[in-house]
Amino acid sequence: MTARASVLYDVPGPRARARYRAFGVLGAAGIAALLWYVYAQLAEHGQFSAQMWAPFEYTAVQQLILNGVRDTLTAFGLAALLSLVLGALLAAGRLSDHRPVRWAASAVVEFFRAMPLLIMIFALYQAVFSSQPLWALVLGLGLYNGSVQAEIIRSGVNAVPRGQSEAAYALGLRKTQVMATVLVPQAVRAMLPAMIGQLVVTLKDTSLGFVITYTELLYAGKLIAGNTSTPQGYPYIPVVLVIAPIYIALCLALTALARWIESRGRRGANRRTPAPA
Amino acid sequence: MPVRRPVRMPSRRPAAAALALLALTATAACGKSGSPSTGADSARSTGYTVKTDAKLDGSPTFAAAKARGKLVIGAKADQPGLGFEDITTNTRNGFDIEIARMVAADLGFSDSQIEWKTIDSANRETALAGGQIDYYVGTYSINDKRKAQVSFAGPYYLAGQDLLVRKDNTDITGPESTKGRKVCTVTGSTSVDTIRTYGADVTTFGSYSSCVDKLITKDVDAVTTDDAILKGYAAQNATQLKVVGKPFSTEKYGVGLNKDDKVLRAAIDDALKAHEDNGDWKSAYDRTLGTSGSAAPQPPALERY
Amino acid sequence: MLFEDGNFGLFRDGFLRTVELSAASAVLALLLGTLLAAFRVSPVPVLRSFATVWVGVFRNTPLTLLFFAVTFGLPRVDVHLSAFVGAVLALGCYTASFVCEVVRSGINTVPVGQAEAARSLGMTFGQTLVQIVLPQAGRAVLGPMSSIFIALPRNSAIAGAFNVAELYSVQQTLSERGYAIFVLFFWVALAYLCISAAVGLAFRRLEHRPAVAR
């Protein structure tokens, strides 16, 4: 980006380059100072003392974290599956030719998109799934994310150029066939980044399970922090510094996986149809 | 036509680095076992004699537990001395845990047949009514409001609401002096309403350890709940915290169970009575709550109903 | 249920708190997000990587964990915030990373030729940005932006578990007083639907305002 012209600025000349370099040095110094300040504050308050980090040396604690990761992924897998299936169904409903079906699907989508997940999960736990917090979590996540996925799929279908469906109808295909063979495949390909983005949200939101006694990763972190007492107090900061990277790694892994699938899909698409000019 | 550049956010490289980190976390499962605090294991008794012939006709909870071969007991995990999960050894200890084990033994379940579930105060009624757990032993005060949703065996212990403050604090001497001060307690506990009547500025969290943390970091001035719970935290953080020591309520700790299971309730009452009579109750107290030096009180009279 | 025992007052306060919290976090997210987006498109590599790391961290960390860090982590280093300010900080920083990505991709949708034409007319950087790029980017940004700000009020419910007296915590309080969960759920749902409808409506009006045609 530096050497190229972009929307915002032209190819820099010698003076601009010097200016950028000055900003770069200033920025780097500022960020380094900030990081140093954070580090110094943490160190000064004993957050790097051996006792604060001691719990992570025990196999039982490592096992606790691994079990948390496993339970997080279990909830995510089930919720992702449910949200994609539900999303497809609701999108079909919203694109239906029958007005009542369209209205019903719209009502469901709008309702679950507006409801806080936390409240939904809590209500599901209290009212229906008291003995199985996992299902309260999965259903809550599935309903909310399914509604969002439905919107993504629908806007993807609407974004396919009209000529595509017109040509398909002209060939004598029925609506279901047009949808299934022409519109949806193109829509999914175009919308894959957005759908993956929503899956990342689903993965992160599994952490809400801690309010309903589901033993996911954040719950494990909370337990580790609350049950280790040191002279400097409970090790909340070390726990956050351990748990957050795991979540970030999981999300980035999911994004990378999605990008890989996407690149494969694009190659396949290019083989079948020549790229538009 | 506008040229749309594809949105490419995080590049591949951080993702690869993140995967490597994850792999590292996964393979790093080598380390110490055992407990750092010596003596924590002595809080646990070696075990109670399991009654192999236990039979509870007409108790759906018991029948379900027998069928699955496991008893699911709800407890607290963050209350030192009462219900505490030692995360470094993956074991639980405390007075409530001992009570739960005694009862389990009399119902015919050995330690290996117990599955523990940590349930916060706010979720106890839901977990019992929905059958997530078979019974609950975790500083559960008996009161009429709760009796509408669950039933109680016991009481097995009498506690009183008290205040936990920082060691250097001298001006909080009782509930009256909390007026306008920041006091922390737990969502869904009986302590919330009581302390509100004294005009305190109440902060609530899901667990007591969160409150104690807020007390240590000086974001609140006191933590209020039953003295038994507070003593455990004061012992855990002896250099920083102290209990005021003027209880201002009476809390009867009971074993919570499903509202409709009268047979199980009677059986748990019998078990409590038997272990109070044979000295198990006292020795459990001495090994847990009593380690701070207080002598074992008389167990309270059971309230069968 | 809603009109008994002063429940209405409690409920109204919770509702207002939710609105307040969402509004404050939205302002923070918008400002911070735009600043980060400026970093991400800036010609200075250090600033670009800073913004990239920021977005990578905050987009991929659960909001609940951020709340944990703010509520229990900051006091450890002697930063004491009220529950409300802490919640605004967590929500704002989290949402800002999404705003940043939307603004950035919005700027990227503007064809390079537009800015080149503006520059060849002798417009300065500021003029190009304000008169040419942002109005066009704004149109592309409105759609995704509305999703972000519809999601914000519902995300704010997490603050209820961290001692902010908003709608979720009101629901918890009333649920402890023994009211049926379905009745409570109905009223709380209605309140959130109102908020999200209001946000949606505001964005729709913005979209329909006569603006630069493309």
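Order of writing sets the labels: A, B and C. Residues in every chain begin at 1.
Here is the rule we go by: a residue touches a chain if its C-beta (ideal position, glycine included) is under 8 Å from a C-beta of that chain, and two chains touch if they have at least 3 such contacts.
What you are looking at is a predicted structure, and each value in this text was computed from that prediction instead of being measured.
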item	value
Chain closest to the middle, measuring from C-alpha centroids that were averaged per chain	A
Contact-richer chain pair [A-B vs A-C]	A-C
Of all other chains, the one whose Cα centre sits farthest from chain C	B
Cα-centroid distance, chain A relative to chain B, in whole angstrom	34
Inter-centroid spacing, chain C versus chain A (mean Cα positions, whole Å)	16
Touching two or more other chains - residue numbers and ranges from chain A	126, 211, 222, 225, 233-234, 236, 248, 252
Where chain B touches two or more other chains, by residue	7, 9-10, 14, 206, 210, 213, 217
For chain C, residues contacting two or more additional chains	56, 59, 72, 76, 108, 110-112, 161, 172
Residue numbers on chain A that touch chain C, as the complex places them	1-2, 5-10, 12, 16, 20, 23-24, 27-28, 31, 41-42, 44-45, 47, 110-111, 113-119, 122-123, 126-127, 200, 204-208, 210-211, 218, 221-222, 225, 232-234, 236-237, 240, 243-244, 247-248, 251-252
Interface residues, chain A side, partner chain B - complex	54-66, 125-126, 129-133, 193, 211-213, 215, 222-229, 231, 233-234, 236, 245-246, 248-250, 252-253, 255-256, 259
Of all residues in chain B, those that touch chain C in their complex	2-5, 7, 9-10, 14, 122, 145, 148, 187-188, 203-206, 210, 213-214, 217-219
Touch list for chain B against partner chain A, complex	6-7, 9-10, 12, 14-16, 18-19, 21-22, 25-26, 28-34, 36, 77-78, 80, 84-90, 117-120, 123, 126-127, 129-132, 206-207, 209-210, 212-213, 216-217, 236-237, 239
Contacting residues of chain C [partner chain B, same complex]	52, 55-56, 59, 72, 75-76, 80, 83, 101, 105, 108-112, 161-163, 172, 176, 178, 214
